[in-house]
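This is the structure I have questions about; it appears just below.
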Amino acid sequence: MSHNTFGHLFRVTTWGESHGPAIGCVVDGCPPGIRFTLAEIQAELDRRRPGQSRFVTQRREPDEVRILSGVMPGEDGETLVTTGTPVSMLIENVDQRSKDYGEIAERYRPGHADYTYDAKYGLRDYRGGGRSSARETATRVAAGALARKIVPGMVVRGALVAMGEKEIDRANWDWDFVNDPENPFFTPDRQSVAVFADYLDGIRKEGSSVGAVIEVVAEGVPAGLGAPIYAKLDQDICGNLMSINAVKGVEIGAGFSAARLRGEENADEMRAGNDGQPVFMSNHAGGILGGISTGQPIVARFAVKPTSSILTPRRSIDRSGREVEVVTKGRHDPCVGIRAVPIGEAMLACTIADHYLRHRGQTGRV
Amino acid sequence: MSHNTFGHLFRVTTWGESHGPAIGCVVDGCPPGIRFTLAEIQAELDRRRPGQSRFVTQRREPDEVRILSGVMPGEDGETLVTTGTPVSMLIENVDQRSKDYGEIAERYRPGHADYTYDAKYGLRDYRGGGRSSARETATRVAAGALARKIVPGMVVRGALVAMGEKEIDRANWDWDFVNDPENPFFTPDRQSVAVFADYLDGIRKEGSSVGAVIEVVAEGVPAGLGAPIYAKLDQDICGNLMSINAVKGVEIGAGFSAARLRGEENADEMRAGNDGQPVFMSNHAGGILGGISTGQPIVARFAVKPTSSILTPRRSIDRSGREVEVVTKGRHDPCVGIRAVPIGEAMLACTIADHYLRHRGQTGRV
Amino acid sequence: MSHNTFGHLFRVTTWGESHGPAIGCVVDGCPPGIRFTLAEIQAELDRRRPGQSRFVTQRREPDEVRILSGVMPGEDGETLVTTGTPVSMLIENVDQRSKDYGEIAERYRPGHADYTYDAKYGLRDYRGGGRSSARETATRVAAGALARKIVPGMVVRGALVAMGEKEIDRANWDWDFVNDPENPFFTPDRQSVAVFADYLDGIRKEGSSVGAVIEVVAEGVPAGLGAPIYAKLDQDICGNLMSINAVKGVEIGAGFSAARLRGEENADEMRAGNDGQPVFMSNHAGGILGGISTGQPIVARFAVKPTSSILTPRRSIDRSGREVEVVTKGRHDPCVGIRAVPIGEAMLACTIADHYLRHRGQTGRV
Amino acid sequence: MSHNTFGHLFRVTTWGESHGPAIGCVVDGCPPGIRFTLAEIQAELDRRRPGQSRFVTQRREPDEVRILSGVMPGEDGETLVTTGTPVSMLIENVDQRSKDYGEIAERYRPGHADYTYDAKYGLRDYRGGGRSSARETATRVAAGALARKIVPGMVVRGALVAMGEKEIDRANWDWDFVNDPENPFFTPDRQSVAVFADYLDGIRKEGSSVGAVIEVVAEGVPAGLGAPIYAKLDQDICGNLMSINAVKGVEIGAGFSAARLRGEENADEMRAGNDGQPVFMSNHAGGILGGISTGQPIVARFAVKPTSSILTPRRSIDRSGREVEVVTKGRHDPCVGIRAVPIGEAMLACTIADHYLRHRGQTGRV
């Protein structure tokens, strides 16, 4: 079933394709009395917006968000206050150019969802990739901007930690640098910029593409969110990050490397904090034990595959079953993982906001 | 919220703790007319059952499943036929020994959910780990045995591909060997048995533990299951695998390694098959493109952390905030990843069964 | 939780308030390949539209619907074809006049949700009744227009059968008359028009209001939709009709009068039809037995209370707890039940469409 | 889809048929720390239990409930404390006598779900009515007994207010009399006992049956539960009451009679209470305005049809489409509405408990 909703109490429903008049989302279940400004939402959208460097698609979309429901004006004329009813947000598509997509109406692009759309629906809206277009993710970022306001004191940040064969040096990690105007990659490692730039220029010029790994971190999350199984906080984080286009793997804390550790290395020891709460000596758990938050930073990583929209000719078939070659022209990101950073942050923020409300509902403890 | 249900149309709700009188599950939404035998369900449970080698916990549980509802007897006196109403399955706990757990009532075991349970619920049933006990997973396996019957022609198998620092040689992959009585590890590589046995004996004797990586594969899945976003087949597979205790990472197809590939390496090329369907030249996608199944084998992997129940003393605190040392006695798996193989298969089978029904519901196309 | 979604597979999420820039809905899970025209959607909206006679509110809203996603153009330039992705529909609010609502910002109107909004949310968007405004129902009608296309051969119709103390004569029932331009009441009884007109003119001139009973009927619904309990077709019909503003009671078939019948009167006897299917001798069941459709017409009725927006002064309190009198000026329907007819039809259509897909999903039998 | 779950945060899943070994339910999402005794659950079950007077079925079922999970023993050895994990409750079927049901394997009983089961599932477990058996409702009562504990101060009671053509005199309403051992009807009117007894004896001796109307009332419900639309408290109450077997109509407060009222009669006026909260002068709203609780008693009524299991021969067809006559022997309630009283209370309690948690989740206000 094509169910375009995620979350249980803080629920986000998104709609829209890249070629239509607009895209949007409905955020339902937002607590009443949350205060925010349109500028705050827009600022998050601007981080994801295409066309900001030579390393991302040159599609020109202002991505101006409108809020159509669910808010009242605050006293200062700028602040908006949620009323507890659905918040509908809409972003117009400006730069559609659906003519770019003529050839792929008939040919299945390798690595894309063209064939599977036909297999599922028996028809396919070939104009711009339909729902699979990365454009849909703008609505997640808008919803996430609201989600950031739900848990008092929570800060959600993300960074690109690997691009293709190149990785950052974690010793250089500097959160302040991630959103620096000089940083087109959301990398936390200033030294990596030149490396990534050279590397990606080469790939771009070859008409190729490359994948990436993104790390997202939520600090200030109270202990107790989640559940032992099935509604595990890590389960929902993983599922929601996996719902982003092109993501092929997700991990929490030590993640796959935990499989190589021994029990005494992996388990995070505790000492007594001043407030009777534990102080953890490490964070292999990524802030989640038994599906429930520990109060440590929540740490997740996800792998984005290289976009399959490349200039190199690839073998495929068309809708009639004839063998063809496909070259994907158009305006594409050589590394779609770059712009996945604010998207991953948004999904993490939405997931935790939802669990915060669920925890409050069941236990009344926050 | 402690919601112990997964799936939309094929829905599984599980209940029970390791120390109580029984555990069980309710499988709701099963199509009517599905034929199976109790022996088939039991055979899957027997694969997960503890006490079958020195490499797994010595807890003695027969794990005999009873079916309490939702079926009619078939003509032959052995076959059961689903009626379309909820199938309730129950497994009694026989070997409880709750006295083993006395000390941990007060002390938070590092790496376990003890502290987070208290943080969430304000109280904790310390007898056997509560819902976080691996014992709960028996009910998933029972549900999965039924799920295997839903999609005609589907075969779901799994194997352990890495244990701690040791990996299998994929060149030796032999599905037939996985369930061989000589194979206590569910490894597909006959050569690896001696390696894993030596390695794990060492770890076990040191009172330590180690993690593992499991691969699960579903063959015979029709193209078209899933959705472009939010109800992506890979998203639900990942979330559901992540819901298994101790899992810290999940990936599909090339997974994290896709981040290191270029577009032309990663995208699976297609040639025309005899039936007009594509023949894919590779399967980096793991059988899923744009969230929708391609008809290729679905391939997922997940990482299981080492159990934190080890004999090495670890620093922690108790419920009063006092600093203590914790040693976890009792009967524990030195590598919980081994018995995770049939559990992972079950979760994969349940997820695909659910998507099969959802796809049929929305499109009427299967 | 303010969850503004209904349906499981055919899911409708609505958003918007009467005072904001727009209202809308997202229809998710619509099967691909459904063909319709914008004119068909608009025609349903026009039936619900205010301002069409002196008996309904004089608010002037063109209620022009725009479709923003989820469709492709058909071959003829007019037909739209659903793609299987979310269909977003938007209706602008034109005639807002929020100044009309000044006084009620502070005073709780008896019979309205003013006090309960404050009790729930701690704040209240007093401009036009917020989500409780009847304006929201336009989006249900739009969704229902699409739902009508899902079940092949299904026809959903509705009629007003009582207004205040006046009832129709069922012997005069004429479906063709319901939508006659001479009929401002959706009554199926031509004789009743003059009676209702006189009656309602009197009520309107007194600044009062009155309730109504609506009957909705779905024909052409295949036998087998629904479930024995919890997902009973009648349960979902009742819940969804009850979700309409101002509805205070719902019944199926003989409904409350069934409580006064004996078993032999109430149970509908069956004779053999030509096709091996039963021919029912009566329809006290309203087309649903044990929660599952029988193939007979589905018949439901719902009671709409009189609007509480009246000119007669009523005693109440304000937000500070002071005792006040309230007179509700503004443009109000003297009988909100009239325009509830197309809304009830829409909710019935959506409910059955959802169950049709659910039935197909679980059983594969349609 | 056969989804046997209701509720969002306080979720109840039931399973089982009357002819199988047992029936049961899983209550998921129950807050931790709720204290209760098994005797309290059993006391509610005993009120619904068959065989307690000549006016109800003579089936002999002790209906002893076992609790299999989700609780810890309290300090006193009798109290149980919920842990926040799923509470599984099981009731064995003792008096099955499936031989009673031989004939109806082939013949469709008029008024029963026999034909519709076949239409839905293509097969039917004819032994005892399957899920449609009133026996399933025992599990609802068990879940409801737990739900009564969730909202501090809430008291849920019910009474039979009409049986066939006979009604109680509301002037005689005495809650204390409802559960009096001398009262086999749950009537609140002592005078009505003789009337009902004579009436029902006549019906029973004729081998007939009759319907009833039940009223359920929840007091002590805080203002603010529910939502303006779609998650309206009255909507969920109505849907959940409608999910009870044989219910054909549901209403809130003035209900259907509200349709005959004028606005000034129907709207409940308010005066200032001592605490700044409103004192309502009447309760036509049934404690719910705009879908949200007012703090007044919640009042709902539902109509139960006469059971179709009667001795009078009725015309029908069999599975082969042949015309037959059907007489339903066996042990049946001449008025199934009587035992519906505790069932209706349970559904009301579960619904409000769920909304209490949802309200707390979204708003944090209770």
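By written order: A, B, C and D. Residues from 1 in each chain.
FYI, a contact is a pair of C-beta atoms (placed from the backbone, for glycine too) under 8 Å apart; a residue touches a chain by one contact, two chains touch by 3 or more.
Every value quoted in this text rests on a predicted model; they were computed, and no experiment measured them.
If you tally contacting C-beta pairs, which pair wins, B-C or A-C?
A-C
Interface overlap for chain C and chain D, more than half of numbers shared or less than half: same or different?
On the two sides of the chain D and chain C interface, the residue numbers are mostly the same, over half being shared.
How many angstrom lie between the centres of chain A and chain C, each centre taken as the mean Cα position?
Chain centres of chain A and chain C, defined by C-alpha means, are spaced 38 Å apart.
On a C-alpha centroid basis, what's the spacing between chain C and chain D, in Å?
Taking the mean C-alpha position of each chain, the two centres sit 27 Å apart.
Taking the mean of the C-alpha atoms as each chain's centre, how many Å separate chain B from chain C?
The mean C-alpha positions of chain B and chain C differ by 45 Å.
Which residues belonging to chain A are in contact with no fewer than two other chains?
Answer for chain A, listing residues that touch two or more other chains: 1-5, 8-9, 14, 29, 32, 84-85, 120-122, 130-131, 228, 357-358, 361-363.
Quick check on the complex: what are the chain B residues that touch chain A?
Within the complex, chain B contacts chain A at residues 1-6, 8-9, 14, 108-113, 115-117, 119-122, 130-132, 136, 162, 164-165, 203, 208-213, 222-232, 234-236, 238-240, 242-243, 245, 248-273, 276-278, 281, 284-286, 288-295, 303-310, 312, 314-317, 320-323, 337, 358-359, 361-363, 365.
Write out the stretch or stretches of chain A touching chain C in their complex.
Residues 1-5, 9, 11, 13-17, 20-24, 26, 28-29, 32-33, 66, 68-70, 72, 81, 83-88, 90, 120-125, 130-131, 357, 361 of chain A touch chain C in their complex.
Write out the stretch or stretches of chain D touching chain A in their complex.
Per the stated touch rule, the residues are 8-9, 29, 31-32, 84-85, 228, 357-358, 360-364, 366.
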